[in-house]
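In what follows, chain A forms one complex with chain B and a second complex with chain C.
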Partner chain A sequence: MTAGGADAGQADRTDRRVELALGALSAAVLLLIAFMIVFVFSKAWPSFSHNGLAWFGPGGNVDEQLTNIFNSPADPSKYVYTLHAWPLLYATALITGVSVLLATAISLLSAMFIVEFAPAWIARILQPVVRLLAAVPSVIYGLIALLVLVPFVGNHVISDAEKESVQFVIQLDGTSVLVGVLVLTVMITPIMVAIVTDALRSVPRGWTEGAAALGVNRFRALRTVGLRAARPAIVAAAVLATARALGEAIMLSMVSGSLGFAPNPLDGVTFFFEPARTLAATIVDHADELSVKPSGQTIYAFAAVLLISSAFLSFAGWAARRSMRKYTLQAR
Partner chain B sequence: MNFPRPLAVIAALALGISLLAPAGAVAKPTITMSGSTSVAPLASLLARKYLQACGHCVNFKLLQGGSDIGVADAAAGRVTIGNSSRDPKPSDPGGLVFTKIARDAVCIITNNANPIPTIDQAGVQAIFGGSVRTWSSVPGAGQRGTIDISVRTPGSGTQDAFQRIFMGTTKVFGGASQKTSNGLIQQVVKSDPAAIGYVSLFFTQGVHAVPYKGVPCTLRNAKSGQYGGSRNFYMVTRGAPKGAAKAWISWITHSAAAATVIGTDWVPLH
Partner chain C sequence: MSAYAERIGLSGLLGRLRGDESWSVGDRIGLAMAWGAGLLLCLIAASIVLYMLFRGLQYLSIDDLFSHPEAGLGGGGSGGFLDAIEGTLLVAVLGTVIAAPLGVAIAVWLSEYGRPAGLARAVESGVEIVAGTPSIVLAIFGLLVFQQSFFGLFSPVGEGATPLGRSFVIAGAMMSLIALPLVVGATREALQAIPRHVREASYALGKDRASTIRRVLLPASRRGIGTGITLGMGRIVGDTAIVFILLGATLRFEPNGGVPVWDVLTGNGSTLTTFVYNNSPAGEGGAPEKAYAAAFVLLLIVLVLNFLIDLITRGRGASWTR
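Right after this comes the complex of A and B.
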């Protein structure tokens, strides 16, 4: 504090300027988001208002409905809007949910391995590799899956009898829930591993060592103390992974079937071989129909549902982290 | 200086960009195209030839997305030219001009391991309509088991042509897999022995093009008019083409050089 008052005043002014500029930028971001939500909903409104709650329900073949909407007559008063989007919503929940569950299990175990059990040189290699995997663009995963995994599943895993059992309803050609879930899991696991690893590292050494001193083995100490302390970070990782899975479009459009079908759990093993198309993949597949007004409004309705679900997702993540605050160091 | 520095930097950048952009555009007009994945290979070959012929007088930018994207983009003024492989529809926005540039064959394709000798219209309608679901009930098939059908999304010009030429009023099987491009269907049929699909003639490498009504799906048969599954390619503009776009489209429709390029894989108009 030996510097004169003039210097301190100068520093204060610079701080205020930066504060103002950054504040303006974040306000602009907020404004942009608000504008986006209003825009999407105003575009989507006719699709919701014509169908009411039936929009979210099952009924008929959703692809046929989309085609009928696309082939609407030119007269605006005769636009077709009938849509029962249940198969798409169900596919989104199914594929996202299963892959996030799988990814959570895998990432917890591998993060525990990296932090506690891996020899130092393996951990040194693993961590950058995991970060690299997290950054690979999804279309690359989609291409590899389409060229390798889909033909393999279609030609070698699914039996002829299984194909014939459903042949008048759908075709089992390898593009399936199974491939979609597998590739999506591979895509979102690295992000979760990276976050959970950092969280486990930041758990004070003394806590786990204390547990170890009481006689429990390393795995148990990590599970009961380390994982428990890192729970908010695990929730944050799961939320981030779910958001990425929800928004994944290109890869799923390539490998999960391009068919608006609701896979039936009663079909047994065949269930996993059945095609399904998520909301985001539907938007990509039908983006070329935006020029037809009712089709465009329907596609915006899909976008609106995705927007709302990701908003709910962040809210649920926030609420979960809040309720766990008392167990942890960081009050985030 | 009492202007916040980050803002000044941003303002300077924006000013710089806005000064640069028109300067580049004045020097050389840019023709942007989007739309049909069937027209895209032809448009790119034509553009390369045109650049040689006119001494790099324009810049080209070619995007894809399906015929309906082309039509919509042209109508909204997002591109100079929209490529379309389907005929004009009554529901298209008003004021669009469709200039026919070539004709193209739509081929039914199967895996090379399953070379079907021929198929007639009733056969196409039975398979794609979903009433015949096993290869053993298709005459001449070298494959057994369930048929895997790949079709295009509704916004595709190839889908529109296929429905009009081959299917008529028969609806496509509801369980068929919907793909977004010619290349994707080609890839799926290449890797799945039980698959059947349809693509523009240009995309038949590595797969078996099934003769339709006994006429092989080849360029020669499409040119002679013997092959029944032909459709038109269009370039779509908002109003009559103007300026650089006008010169380019009239080069395509009138010059012998363009006709030679078109003749390599498509049917020239004259």
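Right after this comes the complex of A and C.
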């Protein structure tokens, strides 16, 4: 491939050098990442080993337990590690799950709207609109929600009767699952809309036109043919959105309440008005406790759970997309 | 399909809903919901922008942009937030300066060399893992690493000789991890878009692979690299978690030591994001006006970056076939 003669040897050597240099750099970054994962897990291990599987279970007030861990005596053999993190895990699953479901529904409908039904001028506006929504920093979402939505919910949506009904357990002041879910949905929908619109647009026209030729109306054609063909992209978008939702710490710590409380579904509608705190928000709230050893290890345990969940999520997404390969035109 | 689509507009929509029996009730509800979802997105975006504009103009004074913050008595601070703006720019520059060369190098290796294949796949997965890691986890990881005394150079060292682990350099280094996947992805796409015959032409002229990359491929992928860098910068500017944990959250710049530039880099400070957080009811502050003003400036910066991305991607690409 290179010119023959005496130059060839030299060129090959330069090539080899550059290749080795770049390869070493990439491998170094890979090592850094692997190191990060191993380090987080090794720091988190004592918390898991002291609690066993009860770490994931319910039992007692999480906030009290965290305070006790922070206040443990200085003697290493007397460190307190007891933690039952179920309220945090439950809050994370609840808020993330509901947000992703809502976001998927809204983004599928919006994508169909943008691709098919929107008049040209609206479609032209919607593209930068979606990009704008995706680019707004989470702290601004948190600020607006905290200063506008939370007082609104606290004063006008939650009725006094509802506040009284749980007053011996928890104070309802507007920071709640409801506001957290709403704002998180708004934050992750733009990500999904962008991916799903791209996927719908790349569905071969012949397919949807074929459906139309069979007398199917446009909405149904898009729903049955377009969405089906775009399924791998929809799964990819959902995985991306869930990863984003899992990692959202700042906005949720501002808005969904700073108590490690497990909302009680038996409370009926009040269930949505109760505060909750996800794992990521807990890490933010307790970030200054990292200096005390057992506290730090507990926080790293939260980070380890988050890391495992995102790894599991990527894997689940990859597996789902592989199983859908046979329905698409080519491997996506 | 395009003529078909042109006929729709609003009149087409009404026509369909009115008389066409191929639309079942479910489909009509679906159509209405699709319209609703689209308009909802527009409404939310408009309300966020208008509200921030309203509050921002209400509370922002030109003074704020150019004066230093001072701790005030009684709750909120006074003075402006020039330090916060400088902090944001500093972190963005630091993060980009680290992420850009690293990201381009990784992308070039992955797309042009990529041997052994197992290592290449591992590096790809590694970059994806970083892309999926929450920034709060990256932040506490950074704290963990840089609090080891080996890295005492990079942050103020407190009593007991343990490094504080918080400084601009450290925050910038962790921020570069956030921008890295974006740079790698955009550069790889740009490199893969260059057709093979360009590379083959270069080899035919006697260039080896390294010079082909340096002289032909990289200049041709400038637009993709620029997009990746700007995307990375946008994410860095908007990130709060890393700065919150890795930057000490002091109001002003607190330089560390006496060396001219290095003391600011290894010192503490704040950025617009932590400034907003600290002045909101969630932080210590009772100064929502300052928070709104700073948030408005932050939003403007993010919008400008977004606009830049648009500009970069909109220009006519190089055409490889004539």
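Simple rule for what comes next: the second predicted complex is superposed on the first by the 304 of 332 C-alpha atoms of A that agree within 3 Å, B and C clash if a C-alpha of one lies under 4 Å from a C-alpha of the other, contacts with A are read in each partner's own complex, and residues count from 1 in each chain.
Simple rule for what comes next: a contact is a pair of C-beta atoms (placed from the backbone, for glycine too) under 8 Å apart; a residue touches a chain by one contact, two chains touch by 3 or more.
Given the structure is predicted, the values throughout are model-derived calculations rather than measurements.
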Chain A as common anchor, with chain B and chain C clashing or fitting: clash
Touching partner for A:275 - first (chain B), second (chain C), both, neither: first
Which of chain B and chain C A:253 touches, first, second, both or neither: both
Which of chain B and chain C A:182 touches, first, second, both or neither: neither
Broader residue contact with chain A after superposition on the shared chain, chain B or chain C: C
Touched partner set for A:18, first chain B, second chain C, both or neither: both
A:243 touches, of chain B and chain C: first, second, both or neither? second
Partner chain(s) touched by A:145 [first = chain B, second = chain C, both, neither]: neither
Partner chain in contact with A:290 - chain B first, chain C second, else both or neither: both
Offending stretch of chain C which, after superposing on A, collides with chain B (from 117-125, 171-179 or 243-251): 243-251
Chain A positions touched by chain B in one structure and by chain C in the second: 17-18, 22, 25, 146-147, 253-254, 284, 287, 290
Residue ranges of chain A in contact with chain C within the complex: 1-3, 7, 11-12, 14-15, 17-19, 22-23, 25-27, 29-30, 33-34, 36-37, 39-40, 43, 106-107, 109-110, 112-114, 116-119, 122, 125-126, 128-133, 135-140, 142-144, 146-148, 186, 189-190, 193, 205, 208-209, 212, 215-220, 223, 243, 246-250, 253-254, 280, 283-284, 287, 290, 299-300, 303, 306-307, 310-311, 313-314
Chain A partner contacts - residues on chain B that touch it in the complex: 4-7, 65-69, 71-72, 75, 90-93, 130, 133-134, 144-149, 153-156, 171, 174-180, 184, 187-188, 191-195
Chain B contact footprint on chain A (complex, rising order): 17-18, 20-22, 24-25, 61, 63-64, 66-67, 70-74, 146-147, 150-151, 154-155, 160, 163-164, 167-175, 253-254, 257-259, 261, 275, 284-292, 295
For the chain C and chain A complex, residues of the former touching the latter: 1, 4-5, 8-10, 13, 16, 20, 22-24, 27, 30-31, 33-38, 40-42, 44-45, 48-49, 51-52, 102, 105-106, 108-110, 113, 115, 119, 122-123, 126-130, 132-138, 140-141, 143-145, 180, 203, 206-211, 213, 234, 237-241, 244-245, 273, 276-277, 280-282, 288, 291-292, 295, 298-299, 302-303, 305-306, 310
